[in-house]
């Protein structure tokens, strides 16, 4: 493992422990990476203070995508919130739809038909595959392996075609509604899904050969961004970042929701806890999702309703209460904290995205002493999406 | 969960216990008991993971509710600790030494609700908003629609009619009785 | 055109009452005037806002002398749309399929560049928060002429889903000269290609005059921009 | 790190031999079958209820008048205009659309240089995707509002058939809440209600649990709210937006629910006391819904109102024409008492024309209102219809309601397919059950089942009560037996009722002849006014229209002091009578105000 710590003698620590960074000394340079930068994960930025080509301090800046969802939802009825939540996360919007719907159903006491649960699980796994494919392209691209992104984006597009025929939209599906899902699977869906899954598997084999067995990638990813397992609780680390550190933390298994208790799987873990390990966890997790989709299609009931009867949504009121609903998305724990006050509008919705802790405190910790050229790779390895930080 | 509550109720003066679902409960605690309670939960009860820290504005009751949601990984359960703060000049003790991530949450609360957390790192820096000069936007008394109307130009030419009123104008404009 | 713009400007109220209690927004540390010591010990006084930017405002580009030459230029411009890879909003995610083999926009002379200096098309991919608007304006101003702006998604047209948000602008053309809009939430890659194709037609017809409109109505645009960007800690034109 | 790590990436070169994955023509790639693309609207089907606008969280939809779409009962004449600078294609508008007119195509490309052009009225502004086959439409069974009405609890046929106890028991609060919840508050019904009650508002009051506000809203437009809550013909429900893809909202039962939830002693306080006395005097002939409504309005305005009623009780046809099991007497009495409490002077058992003349009324009052109803049953005038056992339905109903002991025959035939026919058939069935334990009532109507004039619910309940209903039968003769007693009714099959000019001229199939056995025949084919009270002179002076008094739009007759309202002018039904009552009251008020201004 490459030793990154204490490579530079600067900056020196002051007596109180803070860093003695004097911009006028000429030793340091302030460098903004983002928001308009090819090596940034979406529309966000890190304010780097560098000494030579080494980062001595990094501060995450977000808010470029802030639309005030939590405020907007307070003035939308419960059904009107449903189309807006998915916009909180572009690459994997369905988790918002699921968490919101589940929270509303819990507080309103709505029973969801069993088949809807299966279809929801299917959609969440499809979304996970999409998200991971994007990640793989980004992770490879951050280390200069542009071709991986060309392949995975194509594979992801095939999955988007499946999304389109199932949900009627490519990106923002607006399919998981409070009460169930909008519609049943279309005819012949299983067959086309199987073809897509096979294409994805073959793409992944190519990715494995050219990325994971690539000297360049190994050289740069191994040892980069080491996360100590002890930080997992301290920093609220979830998902593949935690699993890459050997902590088998997976909401799907720990607190099974939807139909995960009826599927066979084991959380994927790795112990090296660096960028390479996290990429590998995600690659294997992706393959697991492929398997889960096959299990779902094989086991799900084909008869029955997909939507519960809702009260007239125009005057839908939910009694006072609060709850938290979580799910395991591709980046970690996604959760909705919903407070209702008996009116027709949510009192408060708080969206807890995994990037909130990963891209802020954890990134700022990991980024110290990293070479500038590796900042992008490090950020991607935490798999952050800025809109779920600022909402 | 029940036994946990029974054990902690007396020493920490917990109230308003709600078992929302088998693995999630909410309790309310007084301000001075919060830190001991969080420490106890983290170090002795296994609630090692701070899931979220957020606020709810109960403007009618003139107070903020802070919610600290903690997760126990081993037993797969959560506890939400509620704390009520007066709305006026709201300020709360920072818990960033217990969980470093709390600093981010506290920065957001400072910006979006105007709740101060003295001592929390970078708490007064802009976090999400930039150059914001109005009421903290997540407060209930901040009207986002009105603000949007006043601050940002909108495209002209939108109008709408109410069906019932339009029918009245068309079919019985004098408001008279008809069939 | 200008009259119409003025009219739209007039119908909006000035700073609204909620905003009267303005707090002073401190200028960023790195933008403050300061003295810097060079490695050889010389001390230099720097005022970043004055020294780091060229402050000359934009100028209107006159067409080439003859029609044939101008047509040739326009053809060349139309066939090389270089898009600034600045994902300002969610719509940017549909650009990625365009960059990759399935939709392959490169075959139509469209490619993505990482820096404004190399790009001539700014795609505003959806809503713009005030914070991003500030960056988008700078990115736009740093692009070389001739340059074009395409508004992507309904949010750029009339606010879209975020019509009542306190943090997003509603009409993009109040702040930037937009040549074309593509509606959708978000528009599919095929719709984007269609939009770029239509933009090419506009350019070939010599009608994509957004940059000149920006230069002509510079003050109007700046007034609008400064109305929503509260901490205007940058020069008026950051070329 | 090994040699393999250096060589393995070169496997990428195998893609050199692969078929390119690029889509050849990305400009013409159709979206999927379910794709939520640009909107379509079937303008013929759309009723302009604005529910799409109500649910749109983006404020993208405006309801505006459209070219070629007229405002008419049941159609507001507005059509949605969608702003694609706002829309997010969530399709909630499609899901909630009350008629299913709004759908989506799978078109998705729209590029425009002018941002103001992204607004259009689907189905009205023609678009090339209007005839696209594919695109999102609401999946079967996917509803955002419950299509089924909450059933009104009522006595089972076996329980109710031998008594005149009210058969409907009224919603519980929970049931009413659920039913009120179904209303989408579009307000299209208001225009159809003859008296334009604030229907969506009082339904909202039920949802809010604010019954006193609901009651105030009811009595603002209808002083017969308790009665209408039980027996209204509810034309509003025929135009209800929910009726297009489900049951209409039970507007009548919800009205009834409000009146039941407020304690009766609170009514007067909620409705409010009458205004200060004006000294004006008004006489009203007939204490039916029209007369009493006018009395209510005028008394509340402070005028001195006197009502002359020939029967012993007020209520008119609501009391003497509607059977007790549909409308109990105490409901009527409460309603009348409430109106009388506004300061109305009642003269019962006083027949104008006999006990007091119209001329006298004219002299004593500033205005006179004629609200004499339709009390004379029409006759079929077929052979044998003058037999002693051939009755008029109105007469019989009145006698039953008056408490007269009637000996029901073992079997009888009713002629007519309206509500009165159902009422008398069911009333007689009850008497038969009480007296003989057996029911033998045959009902014959000219119309076929699809065009019955009676309320479908009445027909359903009649059938439940073992009334034998025969449609398309034209009465030809009341057959009289050898002993002089009635044997039954002979009918022919009806081929058509109206001729080509839409005039009443039934044609029959004479080969299809039936004899319906019955000791009695009851005619329920319509009523007319008894206008003898006017006296010859006044009858001469007044203008007439097909046997009904000719009135102007305000209910005023050709005589400037005389107004007319109720069934004798229009109808017949309670709520129309209430509407005309309001109208003449308003007209009289206007005339008074005019006189005031002149002096």
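Order of writing sets the labels: A, B, C and D. Residues in every chain begin at 1.
The rule we apply is simple: contacts are C-beta pairs under 8 Å (C-beta built on N, C-alpha and C of every residue); 3 or more make two chains touch, one makes a residue touch a chain.
Remember, it's a predicted structure, so these values are computed and weren't measured experimentally.
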So, comparing C-alpha centroids, which chain is the farthest one from chain D? C
Taking mean C-alpha coords per chain and comparing to the overall C-alpha mean, nearest is chain B
Just give me the whole-number Å value for how far the CA centre of chain B lies from that of chain D. 49
Rounded Å distance between chain B and chain C, as computed from the means of their C-alpha atoms: 36
Counting only Cα atoms for the centres, state how far chain A is from chain B in Å. 23
Measure off the straight-line distance from the CA centroid of chain A to the CA centroid of chain D, and report it in whole Å. 56
For chain B, jot down the residues that touch at least 2 other chains. 129-130, 137, 142, 144-145, 155
Chain A: which residues touch two or more other chains? 63, 66, 68, 71-72, 75, 83-84, 154, 172
Two or more other chains are touched by the chain C residues 101-103, 131, 157-159, 161, 163-168, 171, 185, 188
So what shape is it, when you link every pair of chains that touch: line, ring, star, complete or other? complete
Touching residues (chain side chain B, partner chain D) in the complex: 155, 157-168, 170-172, 175-179
Sort out for me which residues of chain D touch chain C in the complex. 20-23, 26-27, 29, 31, 57-59, 83-89, 108-113, 115, 118
Tell me, which parts of chain B touch chain A in their complex? 18, 20-21, 23-24, 26, 48-52, 54-57, 67, 69, 73, 76, 78, 80, 99-101, 103-104, 126-130, 137-138, 140, 142, 144-145
Please name which positions on chain C make contact with chain A in the complex. 29-30, 34-39, 84-90, 92-94, 96-97, 99-103, 114, 116, 127, 129, 131-132, 135, 139, 161-162, 164-168, 185-186, 188
Under the touch definition given earlier, write down the residues of chain D that touch chain B in their complex. 48-50, 53, 61-65, 71-73, 76-78, 83, 85, 115-116, 119, 186-188, 190-191, 194-196, 200, 553-554, 570, 576, 579-580, 582-583, 586
